[in-house]
Amino acid sequence: MTSWLPEPSWSALLLSLKVAGCATLLNLLLGSAVGLFLARARFPGRDLLDTLLTLPMVMPPTVLGYYLLTLLGRRGPLGAWLLDRFGINLIFTWQGAVIAASVVAFPLVFKPARAAFEGVDGQLEQAGRVLGISEAAIFFRITLPLAWRGILAGLLLAFARALGEFGATLMVAGSIPGKTQTLSVAIYEAVQAGQDDNANALVLITSAVCVGVLLLAGRLSPGRLQER
Amino acid sequence: MQVYYGELPDETLLMKTQCLTLSLCTLLLAGHAQAAEITVSAAASLTNAFKDIAHHYEAQYPGSKINFNFAASGALLQQMSKGAPVDVFASADQETMDSAIKQKLVNAADRKDFARNALVVITPTDSKLKLQQLADLQQAGIKHIALGVPASVPVGRYAQRALENAHLWTAVGSKAINTQNVRQSLDYVARGEVEAGFVYQTDAAIMPDKVKIAFSVPLDEKISYPVANTAESSNAVEARRFVNYLLSPASQAILARYGFQKP
Amino acid sequence: MSHPRFDLHIRQQLRTGERHFELNARLQTDCQRVVIHGPSGAGKSLLLKAIAGISTPDAGFIRLDGLSLFDSDSGIRLSPQQRQLGYLFQDYALFPHLNVRQNIGFGLRQGWRNPGRRHASTDVDYWLEAFGLQQQACQLPATLSGGQRQRTALARALVARPRALLLDEPFSAMDPALRSQLRTELSTLLQTLSIPMLLITHDMEDVHHFAQQALCMQGGQLCGSPVATLPDLQASLA
């Protein structure tokens, strides 16, 4: 199976899937939590917080990459602390790529999550309470089942975005073949080096994956409850 | 002269339309390409020196304008071969210029060498590591070395060849962090994200407060920068004039100031 | 020593923009079936929600058969979960993603997972039969008729053997024919139950049908002395 794809393509593809997968998982937890918090909490700065958290969606990825590099680099406030305390350096690692991809795709998860949670009829949750069900059980039995489709649609878009992440990833994780060279970076370098065949193969793979993800997102859009 | 009321005669209307069209065209074209405006694609390492040279050039030839495009030589070549409108191409190695000639982007006769450079290994200024030769890069204290992508960045190619000649490529190559151009390597060293990096002597001179030269890398070839006006240039006269200006004493003095050597 | 069935006095202030509403309701009764009637906006829903624990009054107390559900003086405030009441919402609040069987059995299970689609349970089966919903057991609420939805909601409220039944305008969403049919059904049912019931409505027909004691509510206050006790429901059906 690998004979028709040049070697760098496979490791780039697998790495991209790994990084995008981890970033999406991270965003699922963080994005749902933040979405739930913003849907329920009532405090004066709520909408301002929402706007700030949406910023990664409108900022150029290179700007985000620069902020992350400055923050997580060896001499950065967070990076120096991580290095000191845990001996961890995130720059030039696939974990750093995960962070870059998560930050960039975060708004794509928390905004639909917030909308999905707000869309759940509060009266249903009240009904659950009166019936004697604990708050946690209400979340897992009433709120989440009614909100998960909205969250999932956002999650798939976030996955596609994380898969295609380039600017921030290049700055933070660099381009180490097999370690941090994702599909987008591999394509960029193949084009720079005039390796058109390689570039074409990589572009084809990336496009196919993205199309697949978008089709899946379309099928999961809310409003398709079936009779059981 | 007769004065018409109401409709204008057809002749006058036609003349007015022609005048209007001509003015519009001139306006559009004027914004598009002034009499002496050229695009120069140059290797990243030439960024500071070339900007300086352009100032002097534009002062000496008023009305001329240089638009710059700096990147790794390999990347610039790709842009040109895909049809980017470039008038002058200055590369950091002969190999890339050879490719350009092979792809008929440049005529062999127009090629001229205009500068030389040296390859050095740099470290952050506060580095305590003892580095005096290539073999020292194997020490455990060096975890990451910034190196341009050999496929498209000349400085990376030079570095790889030097390491291969010293039979150190397998040992040291695994520590390489590939960068897209020499300035990115410089930036990584300046930030302390890597312990060492391969850059040109001229790049090291730009950030004396953040990086220091550990040692010069011996190469069995000279690092020679060629420049040429492109075959498809839309402003060949101006392009040639700039190429010749690079060889003039004024330019050479500027290049020397930045650390380049004579061609 | 016998306690009044319903014993409450609560005060609550609501502000929405420019509008200001004040609830000040006092009730003490031994009757098992109480109907509170009044125009919309009188505060009936708010009173019912306060009893259920869904909303919290600013001050006062609520006692049901002697049990304190809420007492601002002694700091007692049972959560809705702890009050063990049955509540019928105005638009039933059925869980749209669960079928009839799962809806009815919802309160019987405490964990984080819903009962299975065909989960067997004697209690649920009893109520499915009592309300004639066996055919609809595996259907989702969206496919049910208005009457079927109400019965499902009622079964859901009753299956966990609540201490009292609270009904929020149970017939307002129906056409008149269905309304009278369901009224009859509900009153038959209530005869077999010994738990107290509090029903709020703006329809006087409900008062005639159900009330052992009827009170009117206006402007956040329960007004006047209770209307004279009406003929027993059984007698009216005979």
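Note that the chains are named A, B and C in the order they appear, and that numbering of residues resets to 1 at the start of each chain.
Just so it is clear, a residue touches a chain if its C-beta (ideal position, glycine included) is under 8 Å from a C-beta of that chain, and two chains touch if they have at least 3 such contacts.
Remember, predicted model here, so these are calculated numbers, not experimental data.
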Removing chain C only, and moving nothing else, give me the connected sets of chains. one piece
Can you tell me which chain is nearest the middle of the complex, judged by mean CA position? A
Maximum centroid distance from chain A, chain identifier (CA atoms): C
Chain centres from averaged Cα atoms put chain A and chain B apart, in whole Å, by 36
Please report how many Å separate the Cα centroid of chain B from that of chain C, as a whole number. 80
Need the CA-centroid distance for the pair chain A / chain C, whole Å please. 45
Identify all positions of chain C at which a residue touches two or more other chains, and write them in rising order. none
Quick check on the complex: what are the chain A residues that touch chain C? 121, 123-124, 126-134, 136-137, 140-142, 145-146, 225, 227-228
What residues on chain C touch chain A, complex-wise? 52-54, 79-87, 89, 91, 93, 95-97, 99, 106-107, 110-114, 117, 138-140, 142-143, 156-157, 160
So in the complex, which bits of chain A are touching chain B? 69, 73-75, 91-92, 170, 174-177, 181, 188-189, 191-195
Okay, in this complex, where on chain B does chain A touch? 72, 74-75, 77-78, 81, 99, 144, 149, 151-152, 176-180, 191-193
